[in-house]
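The structure under discussion is supplied below as structure tokens; questions concerning it will follow.
We just call them A, B, C and D in the order they show up, numbering each chain from 1.
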Amino acid sequence: MSKRSFASDNNAGVHPEMIEAIRAANDGHVVAYGDDPFTERAVKVFQKHFGKDIAVYFVFGGTGANVLGLKAMTNSYEAVVCAETAHINVDECGAPEKFAGCKLLSLRTPDGKLRVEQIKPLLHGVGFEHHVQPRVISVSQATEMGTVYTKNEFKTLARFAHDNNMLLHVDGARIANAVASLNANLKEITVDAGVDVLSFGGAKNGMMYGEAVVFFNQQLGENFKYIRKQGMHLPSKMRFISAQFEALLSGDLWRRSATHANRMARVLASELEKVPAIKLTQPVEANGVFAVIPEKHVEALQKKYFFYVWNEETSECRFMASFDTTEEDIKDFVALVRKIVK
Amino acid sequence: MSKRSFASDNNAGVHPEMIEAIRAANDGHVVAYGDDPFTERAVKVFQKHFGKDIAVYFVFGGTGANVLGLKAMTNSYEAVVCAETAHINVDECGAPEKFAGCKLLSLRTPDGKLRVEQIKPLLHGVGFEHHVQPRVISVSQATEMGTVYTKNEFKTLARFAHDNNMLLHVDGARIANAVASLNANLKEITVDAGVDVLSFGGAKNGMMYGEAVVFFNQQLGENFKYIRKQGMHLPSKMRFISAQFEALLSGDLWRRSATHANRMARVLASELEKVPAIKLTQPVEANGVFAVIPEKHVEALQKKYFFYVWNEETSECRFMASFDTTEEDIKDFVALVRKIVK
Amino acid sequence: MSKRSFASDNNAGVHPEMIEAIRAANDGHVVAYGDDPFTERAVKVFQKHFGKDIAVYFVFGGTGANVLGLKAMTNSYEAVVCAETAHINVDECGAPEKFAGCKLLSLRTPDGKLRVEQIKPLLHGVGFEHHVQPRVISVSQATEMGTVYTKNEFKTLARFAHDNNMLLHVDGARIANAVASLNANLKEITVDAGVDVLSFGGAKNGMMYGEAVVFFNQQLGENFKYIRKQGMHLPSKMRFISAQFEALLSGDLWRRSATHANRMARVLASELEKVPAIKLTQPVEANGVFAVIPEKHVEALQKKYFFYVWNEETSECRFMASFDTTEEDIKDFVALVRKIVK
Amino acid sequence: MSKRSFASDNNAGVHPEMIEAIRAANDGHVVAYGDDPFTERAVKVFQKHFGKDIAVYFVFGGTGANVLGLKAMTNSYEAVVCAETAHINVDECGAPEKFAGCKLLSLRTPDGKLRVEQIKPLLHGVGFEHHVQPRVISVSQATEMGTVYTKNEFKTLARFAHDNNMLLHVDGARIANAVASLNANLKEITVDAGVDVLSFGGAKNGMMYGEAVVFFNQQLGENFKYIRKQGMHLPSKMRFISAQFEALLSGDLWRRSATHANRMARVLASELEKVPAIKLTQPVEANGVFAVIPEKHVEALQKKYFFYVWNEETSECRFMASFDTTEEDIKDFVALVRKIVK
């Protein structure tokens, strides 16, 4: 068996309940591309969580969910405001610019969270044709820095967005971790907080593949089926994504897995914190731990446990817990850390 | 259980050996995005079939495989020559134009197969900046009309392409059906016949999801990893695609499934042919059957068995066999046809 | 002095009244990018011709006018229906596909004119996400084949378009020639006939540079200023385009020039018709003459007078008259033709 | 006559010698799109300045020159490094992202000038497919802040670029002002300093319209004619741009005009500097003056003389001199400033 690492929550495999759901869905023929009973049921499960007035579309993966969602929200001369650390800004190889044609206006943040005050100056160019027109505020929840926006923070951003003819987009690759962290339900920190469009993550919470684009503003999703197809993200055997989403969301699997991963991150953080040479750099609000590991020890550690150096200048490293992380895994890893980092 | 139809080979489920491969791969953590032992093994299996000098990349689906492959072969001012019936021309919602930026020059064909003679006139504009510059000949193998190019037909197209500074691209969503039909091996009708880039299909031959872009001209694939990521087709949990490809290609599963589907199509065709009011419109060389069904009977039939009307003007319909089609399925369907179409 | 040829109406220079207008506008400073009195006046002149309810934007050239106009009318998953011979289809190096992202659906026509009957079958895919969605009918007036749509033909196309949630776009690179040919005014064969967006040509009717995108459906033009800038077609010293348009349109210069060019084309045609080996292929309704010249004589003729072979297969050639063509020019050219083509 | 302002160098009209050149070129017919003797001569004049081994292409305007030049230098998954204040970053409405598909990585600078040290950290992601790949360093010369790179600064940037598989692009909308300021010739601070591609500005130095894209690395320009046409920037009546360039560059008009504008900027700066409430923010190295004007006085001043507030947060304003600015203009303007800003 491959050893479990802390490199990323997508280094984990698939939750056994998902595998079972896939197996159960593998029965006879159904119409391809989503016109099937599995997808119908999965959509209903989304409606149960988010309310009836949504439009939900399944795509293959997270970059697709983000980029195609943004494409539905923008014209090419408009801009998406995001944190400098946002996945769409640094980890999608320019896909938003390429496919939506629009520009990202990225803002420096200490903790991965955008604030209204820093967005305001971007409005100076509104109406001036030489400048891209800010149209979307895109935030990650949980953020790429392992922090979580509160419901009120979302409300403030949404109000500002809507007051200024803008929209609020959420990259929810780790939305379950955020909701679990806030001890909330899915609806209250999304549609109720003013979010317009959500990328609902699957793969980082135990799915094999598949993400959802959820439109709370249904008009924005009106033509999304064409965008999804032109965006190369219409799965032919859709039922296998739908079956996973049904398994994830019909009960509490989504929350169980996320809560567990969050707890494992806190345990890992509290252990790392005890090592004098290591400094945590962010509060642990979801399933990620950020810590400065002395540069000279990084390579030795990575040889045994693969993980990412987040910031080469400061030797800040990232450790992610996942649904299948065990206390044993942490104990083993921390033992090694203690051995290497004196 | 859902009844098996003849609507499309992607209405079928997943071959049980694939499900088993997925289950076996679901073990512990591996690095995401393809740097894992499953992917390493799957690449080797591709090399076993196609030779060492290939570059192979896995993507989520067929439209992605086609469009991203073409993007790697073209500049935006260049053009892709294809049949009017090509999937890239009619069934990808303009994705090639959107993502590669290039124009498709489509040519009318009776049987879905391009011929050199019809491509020649497109070269009049070479070097003239007002016109897009033909750069790729893209063919489907098997074609969307259920026909199959012979090895010599490919060689003729490839020679013409290379003599004119062009490249040969193959949409191989049904490459296994074509190879099985030709009683050939994969190498001789692709790289040996002069093909430069191949979309290798999985979903229409029993996989859950996943296609491969195979570069026989390795230079063309040099930067494909960036194109794949920017093209939103880099799967995070790659191993589950890789494991399916290994299962498909390490033994003869790919050929078994395709041969069976082809045979079922021939059986279906021979039965339909016996119905006087029905006229086959294409030779049955792969797993598709094309037949004119009198327009007045189409709706009644579709109520029981979903299938696509291929040409509304002529009432030509398409029936596809798949790896799991049984003789019983055909008998039932044909009985219904006989009842409805007198 | 360079000899006047019949190669193209854009091989001509600039009408002296334009040069004078430019000289007169070259006086002191004005705000760049169109916020100047010259542009204000030019817009008013357009309103005088087309009515108050228009939005008009000046761009550098004709390809820009067409492509950016179409971009304003489409989403990338939509399609533009046009004649196979349309400038947007064959002479803009794929610019519409590249910038608007959309697909062109081109239809074969004997005379460059689209008819409703041939567009109808394209509607079969409406609502089906695999297919691009027809959104615009784009016609050229006068056509690239020197023919002219009547007002009723436009009305029929417009009614069909609007009945099917589509729009009518006119590439009016030679709109003045068409209007002069129809003995109409500008309004009755555009906005009154149901046209939604018009590329209003300048360069082929005596301007140095500059075309206008005219929106009769103002909502479509709402954000055009951003599209123009992002489309790289916002001229900084706008006043020099505006001054030319004012000169062209405030009096009858536009009609004088076009009427003259049309007449010269008819004279040329009637002379060529007398040469037994030459066959006219199109009615001469605007300023272009299309004729089959025996292939063996083409090169000899081109050595003295540059012109374009329109169809290499049939040796059909194109001859264009312009505002400055003289009867003397025609006499000289025809004398040469008679000498070479016996 | 419209009063001359200090709003922008493109608020000026056209230098009379250009008007004369245009008038002289308006003689008979020549082949359109650049195959004419005027363009041939203009290209030779560029070669006289920059050496024989260049490829030079004329386009309509500056945004086109920048964006199409960058398109020729990049693949869509690559990135362009530039100053946060760069015209391509803030004043082209996202055109580079839209047309080249690539991402801009912008860096904060105090004076509009990039330095190697700040570019280095961007190389951490090289080879990592999740990140755009830095491919071009694009600098403005003179910068948007009125400063000028020295020859050595260019050499340092070029060496760094070439050592790291990158290219150096120069937005030379005001290249003449920079060269005049450096008391250099055009060649030594471009091709000799390692520049790969230059946007050579015309409109800001007295031309009516027209810019040139100059490739010192000819291979990069190999297919530029197609990019220009697809980029909607192939002027049909090219000769009128060519004639202006010939007039600008065959003698010393380019340097005379730029030197004058630069001198006028210095005079203006020295006068503004004497007003106690006004603070210059940048050294005056070209034809721009940047100064903080107390916010309460800005509106009153703008009523009489239009100019741009460059930074709304700090009330920094920009004043540009042009080829036609007179000492009288400055005296009048400064008198007003003195009256309003006490």
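Methods note: a residue touches a chain if its C-beta (ideal position, glycine included) is under 8 Å from a C-beta of that chain, and two chains touch if they have at least 3 such contacts.
Everything quoted here is computed from the prediction, not taken from an experiment.
Colleague: Hopping along touching chains only, can you work out the least number of steps from chain B to chain D?
Modeller: 1
Colleague: Mind checking chain B against chain C and telling me if their interface is mostly the same residue numbers on each side, over half, or mostly different?
Modeller: Same residues, largely: of all residue numbers at this interface, over half are found in both copies.
Colleague: Quick check: more C-beta contact pairs in A-D or A-C?
Modeller: If we tally the contacting C-beta pairs, A-D comes out ahead.
Colleague: Whole-Å distance, chain A centre to chain B centre, using C-alpha means?
Modeller: 33
Colleague: Could you tell me the distance, in whole angstrom, between the mean C-alpha positions of chain A and chain D?
Modeller: From the centre of chain A to the centre of chain D is 41 Å.
Colleague: Round to the nearest whole Å and give the separation of the Cα centres of chain A and chain C.
Modeller: 49
Colleague: Which chain C residues reach two or more other chains?
Modeller: 76-77, 92-94, 98, 101, 129-130, 226, 229-230, 234
Colleague: Residues of chain D touching chain B in their complex?
Modeller: 33, 75-78, 101, 129-130, 133, 223, 225-230, 234
Colleague: Applying the document's contact rule, which stretches of chain C touch chain B when the two form their complex?
Modeller: Those in contact with chain B are residues 76-77, 79, 90-94, 97-98, 101-104, 121, 124, 129-132, 312-313.
Colleague: Across the complex, what residues on chain C touch chain D?
Modeller: Within the complex, chain C touches chain D at residues 1-5, 7-8, 10-14, 16, 19, 22-23, 25-32, 60-64, 67-68, 92-95, 98-99, 203, 208-209, 226, 229-237, 240, 306, 322, 324.
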